[in-house]
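In this document, chain identifiers A, B, C, D, E and F correspond to the written order of the chains, with residue numbering beginning at 1 in each.
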């Protein structure tokens, strides 16, 4: 969300057009376009900030006449009542872009805040908390960025930049080892081979067939511990399924490398931020 | 989401491209394109269904070769374990569109299910539960459709199709009555005039100045009851702010016409649906 | 057409590309890109100006190197021979954007000028002259803006921001009152209910069923007067059909609230403006 | 507008989206999506038809479920009261696409009808009536097609497919002959060299410098006749400026090859067509 | 290029519009749209075929009325004189899409043919011939597909799906091991770490710091052999720089795993294919 | 590629998005966004430069923070080792746009360099070396611009701005003269009539029927000389087919006006340019 922000303009523009349509009929009827205004963006609860450059950019796509003074950076914790940014410029522009800008930053900070909670509960720097592809359609770049701001890490971005051999691939190929063989032969040479399995037999087969990463899907904590012992460092291990804030600490202590959590992106709530016009 | 679905194709296409990028490197490496498959979409919890036509369309945008047998319609309740739809066609197409299609229908059904809960708790057909503009950027058409499927009603779609005079408009105009006068003069003649206020004095001024709808923002239940009595049918009343599943019933019983709930769209969680490949 | 102009860029860009294609082969062959030029935009007849920001923006989308000195604002009357604006910058840019920029401003000023004529002939500030949806495909935002600049008002922008119950809706519903009932139940709560009818019986039924606005379609002046008396302020009245510059004054004097005129946008002629390169 | 119609889809889609936005709130509230309807498109005045394939395509972009029986082809004269086409399919689709489809065909037939009038008044098959680049922004392909349907011919489509040396080019180059020399050297070899001039001296210079076509701009009929005699077949001659239905016949009889008329596209009115739902 | 072909439509459409613009003025002037035609696509030299589905799709984007009988599949060798496909449908459609369709298939087959030559000269199934990111802007998906059809393999598709640590990254980080450490910490966990180096010291440092793949840039064959011995299977090795048809065999015999060749995509010539209209 | 560059932004943006996708995972992992860098673009072989404005623009579309000092202009010869431009700005932006920018300028300079070679070998200013429509799909505007920079001239840009009557048109029309008659009647009046033929009989028929240009396709040098004598200035002559660097001089000496060479655009190789980060 630095210089790459330029490439993120299209979805921001779509969102502005979605809200503005042919214009803000209330503001256009009541407020003189010449009036200048100031506003302040505040956190009404403790959050991990994510999306401030997107918030800024939303206003500036509508008018380059809005100036910002940002007091925090993405990834930082803002306490309840903390002032995130001051903005100034034509009042009607502030009012027209307000809701769209907030919709971005409230969602993104919601995801970052939830991610941070999972990361803190995991309690170890040795394990990486990963997201999934369970994101809002068309908004994956924002959702995954927010996960990073919360201290999480991104799993593959899409079907194109990661190999994950699932049950359907395995049954089509005939076996785990046969599926791995096909992937090694046909898939890009620079991407690790990850296999998903629900039982320890699968773990054994995968590690022997040379999997780089094994995804332990919906296994009990006991099975996870057995898998860690069985693999003994010959492959990296990822846990998914049934992970929540209560059990992530225990899972992390099993010694797996990665824990992936769909809820980070598919069920985060918007955090409470407010934009107040001042003076 | 009937014939208008054609106009919803662009965001679905964006979402497919976001996930597929230059291809599904796992499936392309392992699964022969000629293999046919069947799959079943099941509810793993009790839901109000929303987004089945979008789910169907996602597969068909990738290939017209996928056929569907739908067993429910949007707006219906699907019990835990209920089979929503059977699909058949090339296995690789099913696998490639699966996640994108699920991301749509899980979000949409999540919103519909939460909306239904609010509507049921409101407990009266006389009050309409409304959504807000606090939607996922670029996905408003899907979010608002889901609210309707859950038994809620849509507030204005954007800034262009509703007049809502807020505090900033009022202070720029000088007073509620002055703001209403400007709106009556300049805004479209066929759209009702709604004013937002936080106190009973504002309610009195708004109703006297001819507001059609008054939005009672963050008032106590006691104040709401006083506002209902004071207005006595001269304007419609809407409540917003601090509404939750616990208090919506009591608010509904005050006799207001509308209760708007941002959480319907900004904080619904994805419901648990599963797509299983069979045979 | 203020800060919203940014959102109007796509149609301007389409128009530029339509005219320029792969380049201006005459200018590129003959004129050195380094030559600077000045030009003046003049009115060759008395007009109501509309579209000057679009005119300016057209040049600036091609090159930010063109500067403008605008002598009038949209909505003002420019006498025959009046100088609307001076522009200066690379001569080749002026020549390349000239026709596209003129096509916008000549159409828009044509619509504004015709609208002003209808408004003047209506002769009363109590009646609002409205446009319709009979606009040039893809150019509605420009056409409706021009109507406002001419002193007219906009009817609904599209099918999405206004309710207009026509004969086909009525016959599908069974009756005017049944149609109104369905609209009240299903349509957005903040948009007024307008019903179109061709006879006084329909007016009576509509007003009794609670229509907010009644559209008197193709009625004689005598019938219009009867409708005004019959309704007696219980609903707003709009006249459409067969309105022209000769009869709009008489229609206005009947006391209706709105007169809608398709010709404002579907049959306005381009006004005569000239861009002269000077020195 | 045959197989090329596929390439014309984008502007039709833009126009549909412009009118439909997020949906037809009247029709969606009142009419059951399952109801089938039939409708008839009639001419309410004598017209030259243009745009029937676009009219058809507009409905079909919204739904492939609309069927048509066309009774005329573009370019034919339809008498007042003539039935142009029958259509059948879901009533709500008919109502939703109606206005957009009519806006296209009424404009296009308006241009074709006016063009035919100019062609008929010109009175000779030896002279070609041409259009100009004075078209509605973004709709040139439709406007120019309509001119052809009215019996006119298209001048260059844009700046890229025709050479027209105007006063600014001439003064930048130094003289007509110098401008022609530059164009012959630098411009595409397969496009004829046309020069615009306002006086007989310019005609003489242009023909001697080898212009293929000379545009006589705003000359009197007497001057035009002198130019025809002077050139004596050494170049083709085009007349523009001040052409109207009254004088085009006399201009045609001077023996020039082309008469170009901006009014064909910038000031044609929409013809009166009606779509009636039947049964 | 199977079901994914739908996602490749946008560039094909851009190419068609680029060539067709507002129409084929030669064909439209001369050929009756009702005339049917047949044509045959032939190879005028021995080629490896790539792009036949794109060739087919180009015609069908213009009209669904063109039928094909394909006699080869992508990846097969077509001898000089071989008939690749028969097509039939409206003659004017065949002529209008011909050049665009040929431009795709001639480029793609050119790349496939050149790739096959490199693969054959490499002479061993143990070494994979890779492409690079040196592709025609906007056409990478076609270029990389063609490489696969020629028996080559794709290196990373873009900057987003592969890690390649180059000299600038190394100097910014301070050393190879420091750069690897940062990548291991920050970059996606499922993508292998590749380091580029120009000397044996770098190879040693990279392999000790845990690089998965080492790119030997512009090394002599002797140095390459030394690197293979030094690494002894602890990392995979890739060679790039100065590879040509003459020396690829010798490079392959050094025992490296990958040889990447920019020329496959940046300097392949179009092969000679002809489309002949028959009967 | 001057002020028109703005209109060329869409393909540059597509190319950037193609390479960057969701980000440069190597650079983002290793390089601090705050680091500034400088780089130099050098020619590693003697070239004719084409595409420097596109090279510059590619970086600036990603970030306006990159500054350039250009030492050559398009169309100039740069010797091996010549420094084309210095650039400075954020190092990560330089690295992210580098490959895309190089892909444009290397292809374009490759085409310009090859064109110059053909032009030099033709050896006469009287004959124009023309390109064809055999360009990379979607990149025609860049390819044809590069030809002009190399001293060549552009044949028609697409099917819409030139008339070229080929064998299929002739056989559909019945004869060369019949085809010319149809084109003269129906095609734009300002575009010359060109006919392609493979034999001297066709040349004779074409010139007698009034063709402006005759394309001699795949004729022997002897036949070409006979055609020149036979036509004796009554039409312009173009040669195509089998032209290469060895024979273009002899063809030029026959006295034809144009020689068109598909290889200029369909088979030019990328020239060797390097971007080195300095200090």
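One rule holds in what follows: contacts are C-beta pairs under 8 Å (C-beta built on N, C-alpha and C of every residue); 3 or more make two chains touch, one makes a residue touch a chain.
Since the model is a prediction, treat every value here as computed from it, not as a measurement.
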Self-contact between copies subunit B and subunit C, residue sets same or different by half: same
Subunit C on subunit E, rotation in degrees - Cα superposition, rounded to nearest 5: 180
Interchain centroid distance [CA atoms averaged], subunit D/subunit E, Å: 45
Geometric centre distance via CA averages, subunit F-subunit B, whole Å: 52
Interchain centroid distance [CA atoms averaged], subunit C/subunit D, Å: 22
Intercentroid distance (Cα basis), subunit F paired with subunit D, Å: 33
Multi-chain contact residues (two or more partners), subunit D: 20-23, 96, 141, 157, 160-163, 188, 191
Of subunit A, residues touching subunit E in the complex: 128, 130, 153-157, 160-163, 188-192, 194, 212-213, 236, 257-258
Sites on subunit F touched by subunit E in the complex: 11-12, 14-15, 18-32, 35, 37, 91, 95-96, 99-100, 102-104, 106-107, 110, 133-142, 157-169, 171-173, 179, 182-183, 185-188, 191, 262-263, 266-267, 269-270, 277
